[in-house]
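To keep things simple, chains are lettered A, B, C and D as they appear, and every chain counts its residues starting from 1.
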Amino acid sequence: MKKRKIVGITGIRSEYDIMSSVFKAITNHPFLELELIVTGAHLSDSYGNTVNEISQDNFKIADRIESLLNSDQSSSRVKGLGIQLQGMIQTITRVNPDFLLVLGDREEAMSTALVGAYMNIPVAHIAGGDRVIGNVDDQIRHAVTKLAHLHFTTNEESAERIIKLGEESFRIFNVGNPGLDRIKSVPFLTKKELSEKMGFHIEETEPVVVLIQHVISTEIEEAYNQMKITMESVKEMGIKTIISYPNSDAGGQQMIKAINEYRNEPFIHVSKNIPRLEFINLLRHASCLLGNSSAGILEAPYLKLPVVNVGNRQKGRLHGENVQFVRHDPNEICQAVTKAIFDQEYIQKVKASFNPYGNGDSSDKIADVLATIAIDDKLLIKEITY
Amino acid sequence: MKKRKIVGITGIRSEYDIMSSVFKAITNHPFLELELIVTGAHLSDSYGNTVNEISQDNFKIADRIESLLNSDQSSSRVKGLGIQLQGMIQTITRVNPDFLLVLGDREEAMSTALVGAYMNIPVAHIAGGDRVIGNVDDQIRHAVTKLAHLHFTTNEESAERIIKLGEESFRIFNVGNPGLDRIKSVPFLTKKELSEKMGFHIEETEPVVVLIQHVISTEIEEAYNQMKITMESVKEMGIKTIISYPNSDAGGQQMIKAINEYRNEPFIHVSKNIPRLEFINLLRHASCLLGNSSAGILEAPYLKLPVVNVGNRQKGRLHGENVQFVRHDPNEICQAVTKAIFDQEYIQKVKASFNPYGNGDSSDKIADVLATIAIDDKLLIKEITY
Amino acid sequence: MKKRKIVGITGIRSEYDIMSSVFKAITNHPFLELELIVTGAHLSDSYGNTVNEISQDNFKIADRIESLLNSDQSSSRVKGLGIQLQGMIQTITRVNPDFLLVLGDREEAMSTALVGAYMNIPVAHIAGGDRVIGNVDDQIRHAVTKLAHLHFTTNEESAERIIKLGEESFRIFNVGNPGLDRIKSVPFLTKKELSEKMGFHIEETEPVVVLIQHVISTEIEEAYNQMKITMESVKEMGIKTIISYPNSDAGGQQMIKAINEYRNEPFIHVSKNIPRLEFINLLRHASCLLGNSSAGILEAPYLKLPVVNVGNRQKGRLHGENVQFVRHDPNEICQAVTKAIFDQEYIQKVKASFNPYGNGDSSDKIADVLATIAIDDKLLIKEITY
Amino acid sequence: MKKRKIVGITGIRSEYDIMSSVFKAITNHPFLELELIVTGAHLSDSYGNTVNEISQDNFKIADRIESLLNSDQSSSRVKGLGIQLQGMIQTITRVNPDFLLVLGDREEAMSTALVGAYMNIPVAHIAGGDRVIGNVDDQIRHAVTKLAHLHFTTNEESAERIIKLGEESFRIFNVGNPGLDRIKSVPFLTKKELSEKMGFHIEETEPVVVLIQHVISTEIEEAYNQMKITMESVKEMGIKTIISYPNSDAGGQQMIKAINEYRNEPFIHVSKNIPRLEFINLLRHASCLLGNSSAGILEAPYLKLPVVNVGNRQKGRLHGENVQFVRHDPNEICQAVTKAIFDQEYIQKVKASFNPYGNGDSSDKIADVLATIAIDDKLLIKEITY
């Protein structure tokens, strides 16, 4: 029997972290084979040249498609999307896969969905149906849903939203968040081992804050100030804080500038790109995740990790009881972080909370659907349900 | 008071025919000014170089963006979209408009919506919410709805579908089909004047069929055969038939080939590109519109013109009583055309039928909304209603 | 020993006809392996979709890169070059070849040379050093020489011109025209067999003219008239004439229009794309090659075929005694064709003439150089000799 | 009389510094008008967003064309060239200029020359004919010469080289280096004023070294080490040193990394981007220019400034007696810098030396030629002289 060929598309570290376990499940599946298109920030030095990690993970790379412009203009992302689209068509014409597979709401998701729709190749989309108001990503995510042929949602609420969007129910599979699968498989490091690897000492008993804050696309002009406020709060609290760089979106350079103004504080450690092993163990040992990373919504509840989410990003998303939402206000930030680290009652509540994003077996579920669902006109010709 | 600047995007003759009255209404509006991005088939000799008509209509052209590849591959359209996207960003960065305006479900609609969404410029989309199963255009149209900020629908049913798609109701204006506005303003030609202009004699009393048939994107492989069947029916009936070329989609070249195999029949007249004056008067004098052109659904009811729609394109769309749907079958085609031309009872029913697409005043309504709606965060930040 | 990997780039039928024997020699060479990038007109239905021939010739296709715009604008070629360039980088990054190989002065030659120069991969260029005033191709050809690392010239005069251009002599190999190699290997068809294959009867004794005329890039506006004049001459002479379509350059559509105005003459046979077997046998049996095809300069002397070259294209190129140059003037054209077909003294002179473009063993010579020349800094770092 | 319209293309700060006086001379010329295409590094935050300076200089910007990829791959430059090319065609089609004007050997020069050649618009190229072995720029520069229609050389030697390249002599004007014009017009700052502006104290009597070192495209892998060696030498000497960032070429990020390892030394001052006023006055007050900037070859002799050129970049170029060439060797570097600063005999020799790059009146000469030379077939149709 001929294996089905899946082309996965990956564009940035944060998304690859979630997808790598799916890619692995596909590679290991007896009826599937995988090739990856690596694009966007993965090919950029400024974002750690993470294509090298992908090579080391032994995935077959179908093509490397440079698409990230060195610019902070609001036009850069969509121009990059056009460049990416041109490249992807060439690869997909050559590889001629049975499925395209992509996650989320970044440029990669849109260009993949467009190629699949026009070239009549089914597109499997992970993490559609989510709702994060205040961001172009929200528009892109729902538009991708209208283009894609299969929807793997990470939670029940999103699956229901996709039904409302007029998608036929046979296309929807609520598999949970594949980002959790990967966490299970990451070897455990002690605090001491972690300290050594990261070159930054953490006492056995001292609390650690992890800070990851990205730009909101409708608030690009505020990027510098937003990060400045968070950094000022960090400085005021004086708690050991590990900072990871923001994504390569417009405004990201401004945030990096704000970070750098504080990088000389002794309790602050800045990292362009934290390798996965360190990152997961950091979350395991952390007392609080600060900023607006989707990891706070998606992965932290699995780890029973308190989260302080600053500003409008992630607002309105389905979340566990581990998340506190605050504004760009130093008082609110400090108060919430203090509660997350020192309020024992709150900490117990977080430990007991339910995780709406599943329990770490999404990857195998996705691979099974890709291996078995019929590829026919029913799948290829989309019919809105109303 | 500073006029609001609207950038309209136009990519092909058939769509420009509908949009030109909207463009005119904007130009004439005291609070609006207009520039056009001309792209796609407009710049191609094979499709009549229709950019020249646009120049003659005295619209200001912001840029000409070549994007149409000379190819029949299924990849060509989406590659063209990537090329178009790259070009549009440059123009829109320079012109910095208050609104982007585009119609329908072709590549132009998608690239416009993407540029607007990422660059935070409101996109007004005309003719969203329609439903035409069996075509990538359907996916694109609904995806564009999820990206656009204002929706001008051509009929009530589509407005309701857009509500269901989760769009906020303040964004939706059911204005009717602007293609009808233009019909009103086209000077009347007698059959004799029309004959002379088209270089093809039509007797005062003889019936005339107009044939326009496009490729269905999911049935590209069938393009040649589908057109061949229609041409064979035309040959069998021997009724005077005027044929206009299909759109520049993948498969179009195959259809043109099938047409050319019959072009020597004395009662057949083939035209790459029929100018608007002739086209409208042709519809006014025609006894039947054959094929699968959207004109049959949208414009024919206004003109009380019987339509025979062949195959899956347009199927399931809201239509007046003037449309008969048939399969790619010579018998069905001939029978339906004969009924349309000779069955007096049916002809009377068509004359009395209601037009679900409005009464020819859409353009002014669109211009008024663009001139008066507040451009603020409410408009720019889209919120799905569920 | 690891084989050296050669990536050949091919963009159009006329050039592939010359290159295919080189590609074959590389494939057969024990120390070389070949992959092809297929681009430009090869992927266009309007130009016969000749990528299929390449597949049938069993060459490995590294990627298909659509680049030909459906347009007659003077901007289209260079825009296509930009599109092609973007695609080629992706392929060459993946394949990582030891050499790039390209012929001539079309967009492919320039994009290949640019990729090689910037990516530090040696570029072998065939047919540099030629001189054809009055055409952008001339500028491109010499610019490509300044970018390329190896020069395979088709004649002594061109080799000397490349020396003058400041190229180091170790980079230059005068191998003759590889187009001739291919002629040798094409099976012989009798006039009768040829007639049957082409669906056009040729009497055993009747003279046949082959007409191929391309656009001159600096005379695009004249394209229609130039072809019209030639067609008028053909009509006047009434000699059996086989016409092949012009290249996909700006203006080409105009020429096709002029051709089509005469295609109903009984002694005229028009072909979009003549397969190689038929084409070579057509030249073998033809009495005269008319137009401005480079085949008249390069291949006709090997076949001892009289040529009437019309207009400025090919003017000033090194040629055998078999070529008469005439202006766009019906009298001159008719007189020269008549001489070529009926003047026995002239015909004998042509038969005895010397061929400056070698004797059909270029392909093996090229393969040998690619297999043996050292790939080192001397090759990669170009030094102008003055 | 209708003014001739010139489109100037500018892509990076270092080149704009040279071109701005030419742009000013064109703007001021009664028979010329100017629009600029701003592209490449000018639009990147990482390179100081220098498009803002251009706006402040009040030049009309025809379009902003993002083209710089955020990547250090060897493929990035040529991919950026393809992106740039696509954008430029659109602008030039709209503006329809009488001349294109560009300097040097970067991507902008090549894309401009290609657009001009294919679209039949004359290209005026500044600084062709120079010779800098060991760099793709050398290949690009000579290829651009073969494409361009007018050559403004900066020195006699280059003019002679262009003649040898087969260019017709009427196309060549040896006008000197326009970079010098700009120097004249920059207001003088005292050392104290300069110190204040740069936020870095310079004693009236203390020597100052200016360090600018770029990547060599054939030695990208060495970029980090090369910069490291220079930085180590700077550290050893302990002389006050002002460092400006390298260009946005592949490898540049590596050099920046090496610089940053030393930026905490008290006598080192690092600047992403030194504004022109400060830069020229810095050169006026400097004791030595270190690195491999072309400013050492082109501008330093005008200022009688000693230069220590490290490594292969600039090697073999025509230079005044003010330049010492050294290898990537700390000893050689320290010795040469010491000589430049303290050896009075050498300093006197530099003061008396002749400047092969003219005397600061190139801009007016260029404007005059553009205003008066006939734009006809002689100019447009290039003829190689052999």
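Operating definition for what follows: a contact is a pair of C-beta atoms (placed from the backbone, for glycine too) under 8 Å apart; a residue touches a chain by one contact, two chains touch by 3 or more.
Just so we're clear, the structure is a prediction, and the values are computed from it rather than from any experiment.
Common neighbours of subunit A and subunit D under the contact rule above are B, C.
With centres defined by CA atoms alone, the chain at the far end from subunit D is B. Interface comparison, B-C versus C-D: the higher count of C-beta contacts falls to C-D. Centroids built from CA atoms put subunit C at 52 Å from subunit A.
Centroids built from CA atoms put subunit D at 40 Å from subunit C.
Distance between chain centres (mean CA atoms), subunit B to subunit C: 42 Å.
Multi-chain contact residues of subunit D, defined as those touching 2 or more other chains: 66, 73, 75, 79, 83, 86, 89, 93. Those residues of subunit B that touch subunit D in the shared complex are 62-66, 83, 86-87, 89-91, 93-94. Subunit B contributes residues 73-75, 77-79, 81-86, 89, 92-93, 110-111, 113-115, 117-120, 131, 133-134, 136, 138-140, 142-147, 161, 164-166, 217-218, 377, 380-384, 386 to its touches with subunit A in the complex. By the touch rule above, subunit C contacts subunit B in their complex via residues 41, 43-47, 49, 66-73, 75-76, 79, 83, 248, 253-254.
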